[in-house]
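Below are two complexes that have chain A in common, paired first with chain B and then with chain C.
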Partner chain A sequence: MEADPKEARKSTKGGWIFLLAGLIGALIVGWIIFPVLLYSEKSQPLTFSHASHGPESDAGLDCEECHFFYKDGTFSGIPKIKKCIECHEDPESPLTESPEEVKLFTEYVGPEKEIPWLIYSRQPDCVYFPHIAHVKMAEIECSVCHGDFATRKTSPPYKVNRLTGYSIDIWGRNIAGYKRNTWDNMKMDDCAECHTKKGKEDNNACFVCHK
Partner chain B sequence: MKKEDTTKGNRYGMVIDLDKCTGCGVCLIACASENNIPVMYDESDKTRNITWLQIYMVTNGKEFPETEVIYIPRPCMQCDNPPCVPVCPATATDKDPTSGIISQIYTRCIGCRYCMAACPYHARVFNWFDPWFPEGMDRYLSPEVSPRMRGVVEKCSFCHHRLMRAKAKANVEGRRDLKEDEYIPACVEACPTKAITFGDLNNPKHKISELIKSPHAFRLLERLNTEPKVYYISTKNWVRRMADNYLSGEFKDRS
Partner chain C sequence: MEFNRRNFIKFAVGGTGGILLSPLPWKLIDDIAIWTQNWSWVPVPVRGKFSYLNSVCTLCPGACGIQVRKVGSRAVKIEGRGDYPVNQGGICPLGMAGLQILYNEGIRWKAPMKRVGPRGSQEWKEIPWDEAIDELATRIKGLREKGSPEKLAAIDGNQSRSTMALLIKRLLSSIGSPNYMVMPREEDTYDMVNFLMQGSRGPIAFDLENADFIVSFGCSLFDGWGAPGRMLSASREWVKNKTYLVQIDPRTSNTASKADLWLAPFPGTEAALALGMAHVIIKEKLYSKEFIENHTFGFADWFEEDGVKHKGFSRIVLEKYSPQVVENITGIKGRVIIEVARKFASAHAPIALAGRGKGTLPGSLYEFMAVHALNALKGRVNKKGGPLIADDIPLAQWSDPEYDPVAMDGLKKARVDLAKTPRYPFSRSLVNKFTETINNSHGSPIDTLMLFSANPAFTIPDSQSFIKAMAKIPFIVSFSPFMDETSLMADLILPDHTHLEKMADIVWPTGIQYPLYALSQPVVKPIYRTEHSGDVIISLAKRIGGPVSGSFQWANFEEALKERVKGLYDSGREKVSWADIKENGYWSIPAHSFEGGSDIFQTPSKRFEFFSTEIELAIKAYSKGKSFDDALLDLGISSKGDEVYMPHYEEIKSGADKKEYPLLLFPMELINLASGWIGNPPYLNKTLFDHQLKRDDLFVEVNPKTASQYRLKEGSKAIIRSPKGELRVRIHLFHGAMPDVIFIPFGLGHTAYDKYLKGKGVNPNEIIDQVEDPLSGQPVWWNTRVKLIRI
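For the complex of A and B:
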């Protein structure tokens, strides 16, 4: 018995729905679910408020008080616990009513233990980044790469890529690498983009940023 | 082929006085500890171990009492016309336009070892194993040099991290240019007989620019036109002759 060609045509009708459903499903998995699963979230050991330490706060500290350059040009990065103790010295007379400060006293200041901060902008081991060349010589603001950290009241969660072990701030929050602000991504291409824009093409050579 | 202009920027180079070199090997040790060079399970396996700087012992082949021995320390020649760079399929190595140093980016290297075949000086070595350090030694590793993984090629970088360190220090004073003694590799600093001089070949004020004008200065395998930036000095005629392949009777004393 031969199949009616009209019948056969009818049976393939509606196949595109399955194609579309599969495509949309795959796109949702690839662009939404996978990027969420890719990163595991950790919170900082303490919530640190730059807003209540910075120049416009009651504490009124200059940025360079904690983030300074050593005499040999290396950058101090995140201050050690000794720097915290300079102000937060007496558990009996805390500077604020914040429970985070109590935590600071009991867990870190008391035993003089370093706070294991999770560093959002930590680059891979093969990368050399001199802060002094960018901050002093090129006069680039901290926020160009680090964003609005200086005015933040809390520490955002630290998201780490489960495959590479690097922070989400390196690749950027957008899986496609699309960025709105200069500080969204911290990949090699972002460094090169800025170098090229500022007419420093020579600095795109491998041995400028790699070690 | 377009000839590159090598008069611009810095061109860091080295002059090694072979008459002063005693072959003690301190430069080797300094190099290995400076650059986080791992220890192998069997360091006597010279086909597999890692050495950025190698010392070759050569003799004039004559019987006693005419025997003469010299030692030739051989870092990467940092050629102006490097044979290793154009062959790299991954662009993991290139010549830095501002320092003339040949870079090697380990995370980019795919380990094909084409560059090793291209290098006439055997300056490149391959990591056959993952790096390993005896217990306690890992605490002496330098954070300024990234360790290499199994399956990549590495080589002498003229202690490139020291150049970066010197630049950062100069930036504190607002300078971009370095003074002569601010950047020297570890082997140069360690040499007890001061046989190695380091400096910028493009800077006529540097001592090295004077030294390479000596009639006793030569480079290894000069005829290959690799234009090495490592020069040697020897007053001995047979040493200079040995530095390249000559036909019998071809070599003329250049002094």
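For the complex of A and C:
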């Protein structure tokens, strides 16, 4: 028996709904579900408040107090526990009432153990980034790359890409890679964009950073 | 509205569209690419704080300054040192890959070893250092007790004038053996040129940065010649100064392709080309009259005191090397020769360079003299931009070693390699003749052979002969840090540190214009149970005892080195302390003293000699008791008359029949392929193209015209056969290769080392038909006749 052509036409009528369903479903997967699945989330070992340490706070520390340059020009990065102990020295007289400070004393200051910070801006192995060339020579503010960390009250959750093992802050929190601020992304193209803008195209040569 | 096939397709199309409109695929592509870089087995340096140490690379005589980046105790990167005069930040691929020489455990001897199985069986026993040194000391003491200390020989690959080389030489002479040999090197030929034409010993330096017209007779200036880091900086200067470069090369090497003019004469006829240029310069009177008249000897015809007339260099060149004649010899058009000669002569600071490839292998003495004669014609010797006579580096001399009667008798014996004998009066050592003597002897005239920083079983031409000779020598001691071909045939291994683990010095890096003493320092602690060969020699001498011990008064190598360096301080020219030299890594006088006049020439005539009095004396001495023609025949000289004392063209003879072996094998050196005693590091293997090395197959470069005669295509397999043996290779068609010549790189075809090197490619030295250079007796690498067989 031959199929009734009318029947066939009827069954495809409204097929656009399927098209739309597929489209919308895929868009939801691509834009919402995928980014959630792609990253796992970890919290920092301690909640650190830049706001209560920085220049505007009671502590009133300059950025360079903790994030300083060594004599040979290398950057200290995140301070070692010894630096914390310079102020947080006595568990009997804590500086705040924060339970995080108690944790600092019991878990790290007491046993003099380094805090295993998760670094948002860690670059791949064998990529060489000299802070001194950017901060001292080019006089670029920290926030240009790192955002406004200095006034943050908490440490944002550290999200790591399950495939690459890199922090989400390298690609950027926007899954499409769309960037609104200079500090949103930290991929190679972002370095190159700034070099080019500042007339330093020579520094886009491979061996300048990949050593 | 059922979910049938058509609607499913619509759903799928919508889904695909939606995915493509989302960042998912693009982000995944990026992530997957990164994921592949982060596989757990991909090696990455440890994380940690960087520290930097300065040293000097001693992998070649170039002595480039290096900066080693370390994380903790691990060296993670080698870079060129920017504040170092030789290379100014530049570095060659081998220098950069130096970490793989240090850390590749598959190629290193990890402790002293004694052979337990038959030779070559690779059955070894690890022994304590004391026992190892004692064994060698006992053997040498035995030779001395028997009154035959000359049966001890050493082959040394260390840089000439280095403290290490002097220590080894001193050890042999205090024991009583004249058989201290160095590996053949280009410096040998230039040393002879310097001695015969200028009367001084030592290297000739080249002020390339200040030259404005360079004729390189085969030096691959951009392919690893000299100190490669220096050549990189020099090439920048040349672009700035519009320096004109003429490259003479049978193949479009990197250097040829970057030159202003590329000439490809038949290989081995470079001397004729140089003399063809000289002909034009003399004929058109373009030479420096002031220099020729006041500071040279033998340019014009002259009479001896007894009235014997001699032809001058100018007459011989005018008679024998007209552009037409030279065109027939070299294949270069006469008008091109005239044009280049005129350009050379009209340049403000022209310079002519002799040599081949990286400038590490000896060349033909008469050819080097012919090229250097061009410099003299223009009066460029010791002028800015010219070839320079080396200034003295005021290192302190050690006191003379002590000799007992045994040593004195031993030192009077003839050298096994015949160097410095009337037959080979000018060569310092001839490893090729050493091999020949041993192979032609009934037993072995050598009982114990020591090897330092050398791998002759791989790098000597006709390497099979050397291996045959080794088999005859009763006892072989290798000081190599590496499990190379030569040390695998040894009986006792006393492994040295690698270049990053030890102190060493280079006195006057190759070709540098100004005096420089470079000090290499350990950047990491020794990884294995190795010992500095310098310390081992001092300890060995003490155990041999007697006057040998007395000649080695130092506690260790560093003390011996420091005693020499003290001379730099005492000289007062540049007040520097040991601490300064250690910190800087070098001592240097930043400028050469450009002196003119005859007082710079120490020849018998006190002038620059076109007619070499020393050659005349040597040939006369050798021909005593035989006919003059026989003497010349013996010396390998085919010319007659006054020409034999002067730069001239000698067709290098080859025993092979040209009909049977119609092609020429031309071994070449590549900047990214280590070809000396250092095995090529895996990093550099990765830089070879698929048409150079594919899996284990080595490709040779052949002109398509030649290849088509043998019905060979790109990638075809073939056999290259010389009278000495055959090699299996594949063919790479290359228009830049001269027809009828096969170009094969040095450095592959190891039978030792690890999986990254062993069995990869073939070693041209196995089939090089060693021809002797006339007069000097040095091996000639570039004259092997071969045939090509399609398989």
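We take it that the second predicted complex is superposed on the first by the 200 of 211 C-alpha atoms of A that agree within 3 Å, B and C clash if a C-alpha of one lies under 4 Å from a C-alpha of the other, contacts with A are read in each partner's own complex, and residues count from 1 in each chain.
FYI, a residue touches a chain if its C-beta (ideal position, glycine included) is under 8 Å from a C-beta of that chain, and two chains touch if they have at least 3 such contacts.
This is a predicted model, so every value here is computed, not measured.
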After the match on chain A, would you call chain B and chain C a fit or a clash?
clash
If you stack the two complexes on chain A, which partner ends up touching A:210: first (chain B), second (chain C), both, or neither?
first
One more residue to check, A:29. First (chain B), second (chain C), both or neither?
second
Where does A:166 make contact in the superposed view: on chain B (first), on chain C (second), on both, or on neither?
second
Which partner does A:180 reach: the first (chain B), the second (chain C), both, or neither?
neither
Between chain B and chain C, which one contacts more residues of chain A in the superposed model?
C
Classify the contacts of A:38 with the two partner chains as first (chain B alone), second (chain C alone), both, or neither.
second
Which holds for A:74: it touches chain B only (first), chain C only (second), both, or neither?
both
Is A:16 touching anything from chain B or chain C once the two structures are fitted on A? First, second, both or neither.
second
Who does A:124 touch here: chain B (first), chain C (second), both, or neither?
both
Quick check on the superposed pair: does A:202 touch chain B, chain C, both, or neither? Answer first, second, both or neither.
first
Once the two complexes are overlaid on A, one stretch of chain B runs into chain C. Is it 91-99, 163-171 or 181-189?
181-189
Set of chain A residues, in rising order, touched by both chain B and chain C
74, 124-126, 211
List the residues on chain B that touch chain A in their complex, please.
93-94, 96-99, 101, 103, 105-108, 144-147, 157, 160-161, 164-165, 167-172, 174, 176
Residue numbers on chain C that touch chain A, as the complex places them
1-4, 6-8, 10-19, 21-24, 27-28, 30-32, 34-35, 37-38, 44-45, 47, 49-50, 77, 79
The answer for chain A against chain C in the complex is residues 11-27, 29-31, 34, 38, 74, 124-126, 161, 163-166, 171, 175-177, 211
In their complex, what parts of chain A are in touch with chain B?
69, 71-74, 124-126, 128, 130, 132-133, 136-137, 202, 205-208, 210-211
